[in-house]
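Each remark here refers to the structure printed beneath this line.
As written, the chains take the letters A, B and C, and residue 1 is the first residue of each chain.
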Amino acid sequence: MTNDSSPNEQQLEAAFQARIDAEEKIEPKDWMPERYRKNLIRQISQHAHSEVIGMQPEGNWITRAPTLHRKAVLLAKVQDECGHGLYLYSATETLGITREELIEALHSGAAKYASIFNYPSLTWADIGAIGWLVDGAAIVNQVSLQRTSYGPYARGMVRICKEESFHQRQGYHIMMTLMQGSDEQRAMAQDAVNRFWWPSLMMFGPHDAESAHSAQSMTWKIKRQSNDELRQKFVDQSVEQAEVIGLTLPDPDLKWNEERGHYDFGEIDWDEFNRVISGSGPCNRQRIAHHVAAHEDGAWVREAIAAHEAKKQQRASKAA
Amino acid sequence: MTQHMKLYEVFIRSRRGLDHKHVGSLHAEDPEQALEYARDVYTRRSEGVSIWVVNSSDIHASQEGDCESFYDPLDDKPYRHATHYQLPDKVNNM
Amino acid sequence: MTTDLTRATADYAVRLGDDALILGHRLSEWCSNGPFLEEDLALTNVALDYIGRARMFLGYGAQLIGGDCTEDTLAYQRDCREFTNLLINELPRGDFAFTMARQYLLDEHALLFLEALQGSSDAELAAIATKAIKETRYHLRRSREWMLRLGDGTEESRRRLQQALEDIWGYLPELFAMDELERELLAAGIAVDREALEAPWRRAVSATFAETDVTLPADGWRVDGGRTGYHTEHLGHLLSELQFVQRAYPGCQW
């Protein structure tokens, strides 16, 4: 085959976009534009890091869960997040980057994770609020991503959505139990909602008009629904859930709009959003420091594995 | 870590009688460890009755460029597919 | 069963539950702290098995004790002196070598112990043992491989493993010690004869470490006390964490 007969970049990109427009999945060995690959690596690894960093605020309560049943559920849930991080790192690795590189990017700050995990889990009710609201928001996003154009990411999402169905329910169940309890417990639950409601809305990212990656991601069908669409969906589903158990969502502007068929809600504090993203959230430094420490503490273990494997190979080749 | 721990592809048979299906990958030192981690990572809800792990580097995949010669010749044999045969409604779920 | 024997069986179930709860607590501390993700997940799986085991033993103990007693009143409303877990289970998680060495030594013991408990004349204890032994076979397979890896790996991993064994060794005799309660229950066919487990345990452990470059410590120092509530100082801190919510907000449903 001569160079002349092989398709040029433009033709390849046209064929690539045609495949996406036809709702076909892109698979690891397919040709893809370098920008698509980079964009995917950024998004999937950010998602993976979020799962892994997200283990910290919830892991913070495993040893203090108030009943053995709650302890088992929470441990299983945080373990799921760990597994989800792993599925997503696997999906990212199909794009030709190693897990070690991904972890380095997290530690250096080059890669981001969901800003919500920079908020502290201060009381047991926070575990309920995180499950109900934070997982609730994440699931709205992930359900949409099951149709993302990159095959390994889409399949990971299907798996994750299936497993996460109990996460939101257990959180809601914690809140429900607290609301049926003592005055102190109800106050604890309301306080948690007051602190986690707005950051949960921020999880969907900036307004569509201001989102840096949105337009291209929609064309490539990496993202299937816009930030604002997904946020609206989450607000609509949360209002009734809060009412049923007697919680108040901390937004005076929240009201049903008959014309739109949706709830109107107040404006997000974008200054806070930007502050937390750029490093001034309550826990940014602790989250990364925790991850770095665990990774560094584990270095000798990983080295031992490598050394053992090398010796095993050596012994095998000597015996042969 | 990835410098020394190998990448394994994981396949799970979810029920007797079904094929092993690719579910994802993980890092492990050797096949035994890969099997153990596969159990913990991919079968936490007893999704499997049998697990295969395969070194990712041992998988040989057909190339995009081979696509035409690989698959196109198979496209012109619709009679290999059950849907090719229109049957009376009464027996159509054959 | 006579009242005395019922109460003794309850105490026996509670001590086995305490063993599982406290070890499960230590293992759960690894969540988000593992050396890499696959191992983080695997370790917390073991922790989850132990929390489950604690619930079975404590639940049974609570049932025998009767009244308002539940798995949760046992776990959350007793103080240090009333906990009867083995001391080895409450030692802080230490580094990965310490955690895995303790786990391996306990897994070898648990396998023998649960095999024997399956033959208990108490049907409930026998049933719990049958469920738990499946998990323990898997735990042991994992922890044994880690002994081979760390014991063969690098200079550092061997040194850390050796140190862990030295630090653990004196807490092991308690695994094989029989007190009055267990002797009485053994005579009734309910409890396991711990003394009979020591020789096969030593054989298994020696065989494993013979495949590595670490050496088993000589017997010498030993510390007992868990079964009589005479603990290390670590347990109080563990309990203040474990029980914080229930202690701060007494009498609530969670």
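As a convention for this text, a residue touches a chain if its C-beta (ideal position, glycine included) is under 8 Å from a C-beta of that chain, and two chains touch if they have at least 3 such contacts.
For each chain, UniProt lists the protein as follows: A = 1,2-phenylacetyl-CoA epoxidase subunit A; B = 1,2-phenylacetyl-CoA epoxidase subunit B; C = Phenylacetate-CoA oxygenase subunit PaaC.
Remember, it's a predicted structure, so these values are computed and weren't measured experimentally.
K.L.:
If I average the Cα coordinates per chain and compare with the overall Cα mean, which chain comes out closest?
P.N.:
Of the chains present, the most centrally placed is A.
K.L.:
Per the definition at the top, count C-beta pairs in contact and tell me whether B-C or A-B has more.
P.N.:
A-B
K.L.:
List the centre-to-centre spacing of subunit A and subunit C in whole Å, with centres computed as mean CA coordinates.
P.N.:
35
K.L.:
Just how far, in Å, is the C-alpha centre of subunit C from the one of subunit B?
P.N.:
From the centre of subunit B to the centre of subunit C is 40 Å.
K.L.:
Would you mind pulling out the distance in Å between where the CA atoms of subunit A average out and where those of subunit B do?
P.N.:
Going by mean C-alpha positions, subunit A sits 26 Å from subunit B.
K.L.:
Which positions in subunit B are in touch with at least two other chains?
P.N.:
Within subunit B, residues 1, 5, 26-27, 29, 41, 44 contact more than one other chain.
K.L.:
Residues of subunit A that touch two or more other chains: which are they?
P.N.:
Each of 76, 79, 83, 86, 302-303, 305-306, 308 in subunit A touches at least two other chains.
K.L.:
Taking each residue of subunit C in turn, which ones touch at least two of the other chains?
P.N.:
36, 38-39, 41, 45, 149, in rising order.
K.L.:
Which positions of subunit B touch subunit A when the two form their complex?
P.N.:
Those residues of subunit B that touch subunit A are 1-5, 7, 23-27, 29-30, 41-42, 44-45, 61, 63-64.
K.L.:
Hey, which residues of subunit C end up touching subunit A in the complex?
P.N.:
Residue list for subunit C touching subunit A: 21, 25, 28-29, 31-41, 44-45, 47-48, 51-52, 54-55, 58, 71-72, 75-76, 95-96, 148-150, 152-154, 156-157, 160, 241-242, 244-246, 249, 251-254.
K.L.:
Touching residues of subunit A toward subunit B in the complex: what are they?
P.N.:
For this pair, the touching residues of subunit A are 29-31, 76, 79-80, 83, 86-87, 90-91, 93, 98-101, 103, 155-156, 159, 163, 302-303, 305-306, 308-309, 312.
K.L.:
Mind listing the subunit A positions that touch subunit C in their complex?
P.N.:
Contacts found on subunit A: 52, 55-56, 59, 62-72, 75-76, 78-79, 82-83, 85-86, 89, 124, 174, 177-178, 180-182, 184-185, 290, 294, 297-308, 311.
K.L.:
Subunit B touches which residues of subunit C in the complex?
P.N.:
Touch residues, subunit C against subunit B: 36, 38-39, 41-42, 45, 138, 141-142, 145, 149.
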